[in-house]
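Each structure below appears as structure tokens.
In the two complexes that follow, chain A is the common piece, with chain B as its partner first and chain C second.
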Partner chain A sequence: MFCQMLKGALMRQKGKLSMIAFTMALGVSLATAMLGVMMDVGDKVNQELKTYGANLSVVPRGTSFLSELYELEEEDGEDTAPNAANAQKAEKYLAEDELVKMKMIFWAFNIVDFAPFLETAAVVGGQPVTLVGTWFDKHLDLPTGESVDTGMKRLKSWWDVTGEWCRDDEDGAMLGQNLAAKLGLKAGDFFEAATPDGAGRKRLEVRAIVNSGGKEDDQAFVPLRLVQDMSNRPGLVQRVDVSALTTPENDLARRAAQDPNSLSRKEWDTWYCTAYISSIAYQIEEVVTGSRAKPVLQVAESEGAILRKTQLLMLLLTVLSLICSALAISNLVTASVMERSSEIGLLKAIGATGAAVALLILTEIVLTSMLGGTAGYFVGLGFAQIIGRTVFGSAIAVKGLVVPLVAILVLLVTLLGSLPAVRMLLSLRPTEVLHGR
Partner chain B sequence: MNELENNILELKDVSMIYGAGGQVKALQNINLTVVQGEWLAIMGPSGSGKTTMMNIIGCMDRPTSGAVILDGQDITKLSPRALTAIRRDKIGLIFQQFHLIPYLTALENVMVAQYYHSMIDEAEALQALTRVGLQDRAKHLPRQLSGGEQQRVCIARALINYPKLILADEPTGNLDEANEKIVLDLLRRLHAEGSTIIVVTHAPEVGEHAEKTIFLEHGRVVKTTRNR
Partner chain C sequence: MTKRQMYMKMLLSSLLRRRSRMTVALLAIAIGATVLLGMMTITYDIPRQMGREFRSYGANMVFVASGKDAMLKLTDVEKAAALLPQESLLGVAPYRYEAVRSNMQPYTVAGTLFDQVKKTSPYWNVEGGWPSEENELLIGSDVAEFTRLAPGNTMTITGRDARQRRFNREMTISGVVRTGSVEDGFLFMRLDTMERLTGRSGEAEVVEVSIAANEAELSALAARIRERVPGITPRLVKRVTQSETSVLSKLQALVTLVTLVVLVLTMICVATTMMTVVMERRKEIGLKKAIGAENRSIVAEFLGEGLCLAILGGLLGVVFGWGFAQTISMNVFGRSITFNFALVPVTILTSVVVTAAACLIPVRRATDVEPALVLRGE
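Showing the complex of A and B:
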């Protein structure tokens, strides 16, 4: 009988119930889109932010704190001394051939790009110049059989480059715009660079002029192997900038960053298996001998802040859309109850309890809302893809968690929206509606 | 069986006062007894208190003072939930405006009362419709029935749970003469079968079918007549 009454009521009130379903569909579509984007936005925003530079800097453990702090120039000439100085040299440099291991750590897929650096002082046309050896677009074959392309081209994709990116296997250079102006060079020109002692000497072609807006505008970037040759430091690098996809820091990550040994076993596992920047740094230090990986805190914290704010905005939009749906549903259900007051009065008069009548009405509304919610969910998935494509230029992953979340939200919104109508229904007395006078 | 035990309904000094300060005295010190199997008509002009009295007898309202004894139980102090249970178990209601559920068939409208009473029994519901001569209209929706037929469905619904008391509010108020006759004949037959009937009406031709008629004016019983 309940089902017959339900079916009859649903069929009879198609118009009104369609409005409820439509309202719910609108709210749910927005909520689904926002929740979907919110859950996927971490990776998306991270990906976006990665285009603005590295968030990890890997340096030799032996590099003194003061030299890091004041960026003191090292005496390149002394490094050429053999024997006794070799141990000290090892502490000041990282081995180039070990860098590939960074793509083999637990969070390898989160290491988006990296590029090593080795600087040397040089003279060009009588002017002192800083030559920076690096990878531009390096192809690496991993022992795992996979291959990776990484380097400055990806790490500094926001640079304004006039000309072409230098290749790692040529004798070319990319000059900062200030340096190029000082030397009077432009893309396509040739110049000769020599170390101050004249031991290293190379003829290089200017491949491009770079405008970075930073100190790079005063430097010359050349393939890493050239600087290694000129300064007699084969297979060594001074620093590696790494761009990694990370999870925003929390208390656990901050504690771990200070001292991973202070964590309990369980905390340590959680931290190690989460893509915190400190966790990734720790794992890099594990594989690159004598290295120290330091988060570029400004970048990391900015990423966290942007992510948190973006997610908060999404959450607010979700909540607002659901509140609007609840209000609209409240109006529609109240109107429906008022319209059906004589029917409700009759049911009470012939012995239905308030709860029994409320159950009937609520079942109608919940079923309708679920129907609208289901339609809204699929529309929302479409909205999420539009947002993903428009804002991030890629698809938003469909998260299974959204389905139960949306179902719970639909139920909550429907019940909350129906609350005023249910109160009215419970207080409705048969005598008020049955006599028709 | 003594007379006290035979009483199905007893009203003792029942008053109903509405509004702050008691401006509206809908019923004043009503005393009334209805015995099992009796047909009582409550008559009076508009505003005389007929509907208020019906609401109190039908357990849809409680009096301000006095006692209402229905089937041996004082219902004046009962909770709304308990009143609902009594209404469901002991009273069959017939309305002037029928109040059938528009999206259910005649048969289903009868079964609704079964559903909220105990359990549905389609055969029994069909039998109730047969009693009122509507077995052929069982699958029709209310909008497909005439006014008289709708009222007969309403009567079948009132009878389905074997109530101790049938309470009819202007049962012929919305019917033409032919249908009025059909409905009154039906009530007469129910009375002959032993049903206790209370009819609220302002129509003398309806009231004259009852065994006893009370006349209300300004909330007081001004006259009681025995028609047979």
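Showing the complex of A and C:
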């Protein structure tokens, strides 16, 4: 009997119930889209923040201080030569062929790009110039069989390059704009660079002029191999800039950054298996011999702050718009129950108990909302993809967690939304309603 | 009783007699308006708020001396800073570098204003304290590691002043700064300390400026400074400005799209609720028609009711929407939101249009049908 009444009610009021189903579908699609976007926004924004460049700098252990000292002595002007020679002698290096190991650590996939650097003093047309050897667009084959492309082209996406990016296998150079102006060179020109002692000498073609707005404007970038040959330091690099996707720091990460040995076994596991910048740095130090990985706080700290703000913003927007759509849906349910007061009055008049009527109405509404909710879920997936494609140019990965969350939400909203309606229909007096008051 | 009085009376009694229905309808409109105003306010204010957050990346403009001069004058810097919009200017930190020695080791020491550095470079991680006394020194973490000095220790520095005379000064280390870049290898002291030691004052090598502004505004400001203060060449820190522009525009697009989706869905929800409330009254429409009411007057009555509800709901929405936006802004950014008053009429107008459309559809459908059919319940 119950089923028959239910079926009858569902069939008879197709119009009204479809409106509930429709609203429910809208609400659910909103919830799905917002939850989907919210859960993925961290990864997406993190990816965007990579435009700020490297957040880790890997240097040889114990010598980072000396290399900067070397730079200073040059400016100082006093007794440059002996000190520079000393510094050069004392300098330690990282091995170029070990860098590939960075793509094989636990968080290998979080290491987006990296580029090594090796500097040498050189003379071009009688003027002192710093030649910086690096990878522009290097193709690496990993022992695991995978391959990666990395280098300056990806790492320095904010560079304004006039001309072509240099290739790693040619005798080319990219000049900073101030340097190019000083030397009077433009893209396509040739120049000759020599080390101060005259040992290494190369003829290079200017491939491009770079405007970076930083100290790079006074430097010349050439393929790493060239600098290694000229200064007779084969297979060595001075510094590696690494751009990695990281999780914002918390207390655990801060404690670990001070001293990883102070953690308990369990904390250590958690820390090691989370993409904190300190744990990525630690893992790089593990694989690259004699290296020290320092987080570049300007980038790392700000990234964390902005990520947290964005996630919080999306979370609050999601929660508030969910509350609003829940209110709107429950409002509609109330309205539709009110509309049927005469029918309910009649049911009560011919002897139905309040509980029986409430059960009938609730089942009807829950069934309808389930239907609408399912449809809405798929529409919501579509909305999330539209947002992802338009804003970030890549698909949003909707997490599986969204499904149970949305299902619970649908059930809760429908039941809670029906509460005022049910309370009202229980208090209905059949005679009054049928009389039309 | 004139026609107008009758109309007002019908309107009023209809609103008052059917209190529970009208509450439901009012609530729907108010929710819609709340979301509308709240989301629009947030979308409008996001670039400003987020822009402030992005200032944690540090200076986005630097001043260097024009031409061949190595040093720029602090009086010029003041002139230039006065040209910048004061409300969005976060900090102006001058740096002056000197070569000194300590224990036979050469170091670079930078003189600066620490209260400005805290604003322009919020990412500096200082263990111990910032220098506050005149003979206090902040040392980079690499220097600390190399020399094995800690906050509280003293460090004697020697150097030459402007007239090439040697100076020798014992300084107390107040703290160790860690940034992960070149600052780790420097020493820092107060600018006035450095001026007293070297006997030269009113100069700086570079000035870092942090302004909450986008790339276009920064370029305009730089052009103005270049024109009015010839001693200074302003340069944009491309890495910071360009990345900020790209990330910020993405974020704004995200919030705008989300707003759009939420708005469309909420407006449809409002409309369906209104339609349900009006559909319920088909019998009333039929009865009115049966006793001789014109379609036009019925539509006018329903529209009048809708209008009252829409304006009231819109006003409620303005109040709640402001609260909604303020809550989000306070929680996320810890700052009060700027309220754009132009959004108030927009919100009310939108509620009126949506409500009117939602009323008209079911009323039209009811008035088009023969009264007898409607009354019979078909």
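Definition applied: the second predicted complex is superposed on the first by the 377 of 437 C-alpha atoms of A that agree within 3 Å, B and C clash if a C-alpha of one lies under 4 Å from a C-alpha of the other, contacts with A are read in each partner's own complex, and residues count from 1 in each chain.
Going forward, a contact is a pair of C-beta atoms (placed from the backbone, for glycine too) under 8 Å apart; a residue touches a chain by one contact, two chains touch by 3 or more.
Please read all numbers here as calculations on a predicted model, not as lab measurements.
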Please work out whether A:Gly151 is in contact with chain B alone, chain C alone, both, or neither, and reply first, second, both or neither.
neither
Which partner does A:Glu339 contact after superposing on A: first (chain B), second (chain C), both, neither?
second
Superposition-derived comparison: chain B or chain C, residues of chain A touched
C
Looking at A:Val296, would you say it contacts chain B, chain C, both, or neither? Reply first, second, both or neither.
second
Is A:Phe22 touching the first partner chain B, the second partner chain C, both, or neither of them?
second
In the superposed arrangement, does A:Asn211 touch chain B (first), chain C (second), both or neither?
second
Looking at the overlay, does A:Pro116 come into contact with chain B only (first), chain C only (second), both, or neither?
neither
Complex interface listing, chain B residues touching chain A:
51, 55, 58, 60-61, 81, 84-85, 87-89, 93, 95-97, 99, 101-104, 108, 111-117, 120, 157, 169
Show me the residue ranges of chain A that touch chain B in the complex, using the header's touch definition.
1-2, 4-5, 8-9, 11-12, 342-343, 345-353, 356, 429-431, 434-437
Contact footprint of chain A on chain C as seen in their complex
20-21, 24-25, 27-28, 31-32, 34-35, 38-39, 42, 46, 50, 53-54, 56-58, 99, 106-108, 121-125, 142-143, 145-146, 178-182, 184-185, 235-243, 246-247, 250-251, 253-255, 257-258, 261-262, 265-266, 268-270, 272-273, 275-277, 279-280, 324, 327-328, 331-333
Report the residues of chain A in contact with chain C in the complex, numbered from low to high.
16, 19, 22-23, 26-27, 29-30, 33-34, 37, 41, 45, 48-49, 51-53, 57, 64-65, 68-69, 72-73, 75-76, 78, 83, 158-160, 211-214, 294-302, 305-306, 309-310, 312-314, 316-317, 320-321, 324-325, 327-329, 331-332, 334-336, 338-339, 383, 386-387, 390-392, 424
